[in-house]
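Chains: A, B, C and D, in written order; residue numbering restarts at 1 for each.
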C-alpha cells in the first residue's frame, strides 16, 4: 500500500463509518475507510436492527430529536441503497409492541405511554382483545402493551453492507484488515500509520465503536466509551408467529425477520470485549422469549452470536470535533441505537467535515468535551 | 401425525413443488407438501438462478414457448412474493452475455444468434469495443459475445423459500423430514405412507426432482429422470466486476449477485447423487472463471457446494398425468431450467389438477408417455 | 458403478455398519457398505459416546451381558483403530456419576445401586464430602450419587469414522450417497438396486438404524424400530469442570470431552425424523445442566445438533437373521447403546454371516421374530 | 478484571506463547497469557504442522541446531500433553518426501541432499521404483525425491490447544479477547494496560507473532517482523493417498492427516494482514497438488483458510531480551517454523526469564539487537 492521500480517512468500517463514507463519497469527497477486520464485522452485523426511536425513550433526552429524524430517513435510504447496490435492507414498518410482564413494568410502561402522548408522537395502549386479534401468539397474560406504529426495523447486516457498497459505488476506498496504530499531524495533514502502510488525509473521522476509546488514547483523549456485550439468537419458525417487534421492558426483544425467522436479543454484559455466547446468556434469552411467545418453544435454533456495543457514561453518543485537533471528528458510542442513528450520523459528520452549519439540529449535547474526564490525558 | 385428508399432496418441497403449492393454495385448494429433508434443500437452493429462456436454446424446441412465457412472469412473481412473505427474490434484469472462447464456439454462437434473430427475440452481437465499454473487466480476447437483454436472474434459494412461505400464507401445510414410502389408491383416494405416518389426498403431484424416478418406480413407472451433479462456487469481490451474467459456450457461467458476490457454476457429472465438491471440479471452475474475467483472481472464495439436478433422456421435463393413475401428476426433470420454469409449471400443474383446459400452451411434448420406456415396469 | 459382486453388502454406514464391515474385512470377506448419505452422518456422529454398560440398567436384562462384554472390548479396539487409521477414538476411563436430583430419583438410584452390588459389578455410593472432593463443581445438594468406575466414554464421531477407515484399510469398499431401493434374491444371490446402480452380494446385513424399518418393509418385514430424536449441545469451558461423566436419573447427562468441552444431552422425542434443534429442547438441556453443575453457566455454547436414534418396542436391539431370507442379517435398534454395543455387534454379525457358532453368548432374545408383529407384512 | 499481579505476563496466546506458559507454569511460575482474540486463533491453528527440521534448510544456519533439538522433543511432548489434557496432538513419524518438479529444482534438491549427508543427518535419495513402491499415488515423473525419515508432523491446532490447556492444568491464567495497549515500567514492575483492565507482572514475554512488531513499537522498538499470508486447503480422500508428507521445492506441500484428509499448503503473500482466501491462491494450490498426486483430483474440498505468519528480514526468529527493558523478553518471527520450534522456544524463554544459563545452545544469532534497525525508535 503506497503512501496515499485522501480528503477524509474514516477509522472503522461499521454502520456508522459506512454511512459517513456514503455521504462523503456522494458529495465527491475522496474518502478511505480503514477497518481492522472486515466490513461491519462487529456490532453492526450483530444488531437486531430495531428502529426504536420511541421505544428507547421514556423521558426527555437530547437524543430524541436525532432518533426521530434518523428514523424518518429510512424509507428513502432503503430505496437509494437498493438502487445503488441491489441490496434490500429489509426495511419493515409493522411497528413495535412494548410490553410489560410485571406490575412494576406496567407502571413504567404507562409512564412511557404518557410521555409520548404528551410529545404528540403516535402510541397506542392495546387492550387484551386488541392484542389477541393483532398478535394471537403473544402471551395473553401480559400486564400491558403499548403499540408504537412508527418504530420499524431493518436487517442490520444488510444495511451495513449496503452503506459500504454504496459508498464504493461513489468512489470510496475500503481497506479491510487495516488497523490504525498511530496518528500524526504535520502541517494540517494527518498521517495514519497502519499495520499495512501509511495513509495521509486532510481530515480524519473516528467511528470505531467500542474500539474508539483505545485508539483515541493515542491522541491524548480519554473517552468514556466502554464495551457492552450483547448475546443474540436467531430461530426459525414454520409460520410467522409475530408481525410486530416485541420489546419487553426487561430488555428482551423478539424481532420478526424474513422467511419466518425471529431474532431474540439481547443480554447486556458491560466492560468486556469477550464475544463468547454463554450458557447462561442463551438460557436467559430462551426463557424470556417463551414467556412472551409461548409457541416459540417449537421453533428451531438457527444461530447464536454476540456483539460488542459501544456505551458511554451518560448514554449519549459522541458526535463532534476532537478537542485537540482541527480536522479530527468523532462519531462513536451509539450503544444499541447505532443502526437507528446511522443515516443521520452520516449526514451530520459529513456536514461537519465539510464545514457546513448544523442546520436546525443542536448537537452540542453530543460534544466530546461535555464530560470533565473527556479531556487531555497528557 | 394423524391420518389427515387433503385435496392435493405434493411430493417434493423444492422450487417446483413450492410453486405448485403456491398456485393451488392461492386457489383455496387444501394442499400439503411432503419433503424428505428440508424446504428446497437440494437443487433448488444450489441453482445459480439464471433465467436463460433464450441462452439455453439454439434451435427449435417445444420448451421454448414455456421458457419465454415463464420468464415473462418473474416481474409479477417477484412483487407478489415480496408482498406476501417479505422476501426479496433478487430479480435482476441486466441481461446475459453468451460468450465464445474458441473459434468453434464462435460458430456455434453465431448459429444461436441467427436462430434468435429469426425467432424475433431480442439478441445483439457485441463488438469488442461495445463489450469493453459495457463490461470492462471481461477478457477482451473473447471470440464472440451475444447480448441477451431479457435473460435476467434471481436468487434461487430466496425464490424457493418465498414460494414455500407464500403457499403457507395461503394455508398450505408443509411437512419436512417426511419421506413418502408407498402410495395406495382406494376408491379414488390416495394414501401416502410416509416415515411419519399416513397422508390421504384426492390428488398427488410428484415433484421430487432427481429423486422422482426412485419414488415413481413404486407406482410401476420407470421414468428416465437421472441425476446430474453440478458443483458451484461463490466468490466475493470488493467492487462489482460484471453487470450482466456471463455464460460461456463451454458451460461455465458467472452470475453477479448482491453485495459484490459472483456465483461461478457449474460442472456436470451425470448419474451420481454424490454431493461432494471435488478438487478437479473446483479447479475447472476457477480456471474457466479467470479465463473469462481475469481480475476475479483477487476475489475471495466464500463457499462451494454441489446440487443434484434432474435430467431426462431427451432433455425435456415431464409435465403431465401419471399413465396408471387418474389423479397423480408429475412435474420433474427440469434439469437446469427448474428456476426459470417454476412459475409457469406451478400454473400448469394447478390447472391440470383442477381439470382446467391448458389454454394456449401445448404440453403434450412433456407427456410422461412420450418414450417407449416410460411405461409400466410391472 | 458397474454390476459388482461382493461377499457381503452392508446397508448403513453408521457405527454398527462400520464395526461389522471392520470385522468382516479383517477376516478377508469382500465387503461393501452402502450408505445413503455420508459415513456416520446420523445418530452415530450425534451420540455422546457414553459406555454406560451399568448406568443404563437397573434390573435384569438380556442386554446386560452384551453391554458388559462390549464395554470390555474398548481398550483393545482403541489401540487397534489408532494403529490402523491414526485416529484417536478418545477412550476415557474416568467413570460415570449417576445422580439423583429428587427424593424419588434417590430411591430409584438406590435400587440401581443394590442391583449392581448383587450383580457383583463395581459401584460406589458417594457421600457429599466424597463427591465434593472428587467433583468440586458438581451441585452439592444432589440427593444421591453413585459412582460407576468402569463406565467410560469415547468420541462417537471418531469411533465411527475409525471403524469405517479401518475397514477400508482391510479392503472394504464404501459407497456414500447410495440408497438401496430394492432387494431381489436370485439363486442364492442378492441383487440390491440402488440409486447409483445394482450391487450383488451373497449376503446382506441391514444396519440402517432408524431407517432400517423403512427398507425392511420392502422385504415384507414390519419391524418395530422407530425413531427417537435426541437434541445435544456442546459447550466449551476454560478449565475442565468435571472429570467423570454426570448422568442424571432424569435423562440429562454431561460428558466431559477433550479441550475443556462438555457435551450436554439429550432430549427424547419419539416418532419423528425431524432433526431440528428446538428452543424448548435447548432450554431444557441448559436448565438441567446448570442444575447439575452451576458454574457451567459461564461456558460457551459451541454447537447444537439432533440425532435420530433407533428405538424398539421392547427396548432391545434386533441382532439376527431375517425371517424370510437365508443370508440377510439385521443389526438395528440399538437406541442409545449403539456406540457401547458396536464392537461386540460387529463380531456377532460377522460370526453369524460366516456361519460360526455364537460362542457363549445367547442372542436369541434379540431375534427378529421375537414379536408377533415382526412377521411377514404380505 | 482487578489489578492483578503475576510473575510473568505473556502477550500472545499462540503456539509460542502457549509453550512458554506451559514451561513456566510447570516450574511454578505464576503466569498469565493475554490473547487479543482466542487461543491460537491465528497462524498457530492455520499451520500445516510439518516438523521440517531438515527439509527447511539447504545450507548452514544458526537455526539448524534449534530445529533438530526441538524436533527431537516431540515424542515426549506428545506423551506429556496427552497425559495432562487428554488431547492427542497427532504426532506422526512417517517422514517427508522433498520433491523436485523441474530440472532446476532437481539440482537444488541434490545440493540439499549433499548438505544433509555432510551434516550426518539421515536423508535418502529415492529411485523412481523406490518412490513407486513407497508412494504409488505420487506422480512418477518427478525429477527427484529425497526422503527425510525424521521430519514428522503434528496437528498444529491440537498442539496449540494442548499447550494452552496443559499450562492451565499447571495453574496458568489465560485471558482471551484481551489486547495489550500499553506497557509501563514502575520500580521494576511492569503495568500492562489492556482493553479489559490493568495487569501487573515482574516480567513480560512478547509472543505475538506477526502482531508483535505493532506492540513493540509502543516500547520504542522497531522490529523487522512482517506478516506473510499463507492460504491452505483441506481435502478429504476416501482412502489415504500418501503416507509421508510431500514437500515440493516450489513451496507447495501435501500433509496427510487423520481420517483420509490431506492438508494442501501454502501460498506466500508478504506484507498483508488480509486473511481472505483468494481465487488465484486456491487455483495455484489445487493445480500444484494435482501435479504432485494426480488422483487427488477426486478428493473432496473440505475447508480453506489463511494464516498470517511472522517473517523477519533475515529469516531468523527473535529469541531474547528487549534492549530497553530488564525483564521483557521477545519470542517472535518463527515464520513457518513456529510449530517445529515451539517446544524448545518454551524452554529457552523459561530459562531466560528464570535467569538460568542457556546451556549448550547459542542463541545470540537470534538476539533482538542483531540488526542495525532493531533499535530505539524514539
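Operating definition for what follows: a contact is a pair of C-beta atoms (placed from the backbone, for glycine too) under 8 Å apart; a residue touches a chain by one contact, two chains touch by 3 or more.
No experiment lies behind these values; they were computed from the predicted model shown.
**Q** So which has more C-beta pairs touching, A-C or C-D?
**A** A-C is joined by more C-beta pairs in contact.
**Q** Measuring centre to centre, with centres taken as mean CA positions, what chain is farthest from chain D?
**A** B
**Q** When the C-alpha atoms of chain C and chain D are each averaged to a single point, how far apart are the two points in Å?
**A** 39
**Q** Distance between chain A and chain C based on Cα centroids, please, to the nearest Å.
**A** The separation of the two C-alpha centroids amounts to 48 Å.
**Q** Going by the touch rule set out above, which residues of chain A reach two or more other chains?
**A** Chain A, residues with two or more chain partners: not present.
**Q** Name, in rising order, each residue of chain D that touches chain C in their complex.
**A** For this pair, the touching residues of chain D are 85-88, 90, 92, 161, 165, 168, 174, 238-239, 258-260.
**Q** Once bound in the complex, which stretches of chain C touch chain A?
**A** By the definition above, chain C touches chain A via 235-236, 276-280, 282-283, 286-287, 289-290, 296-301, 304.
**Q** Write out the stretch or stretches of chain D touching chain A in their complex.
**A** Its residues touching chain A are 176-179, 181-182, 195-196, 211, 214, 217, 227, 271-275.
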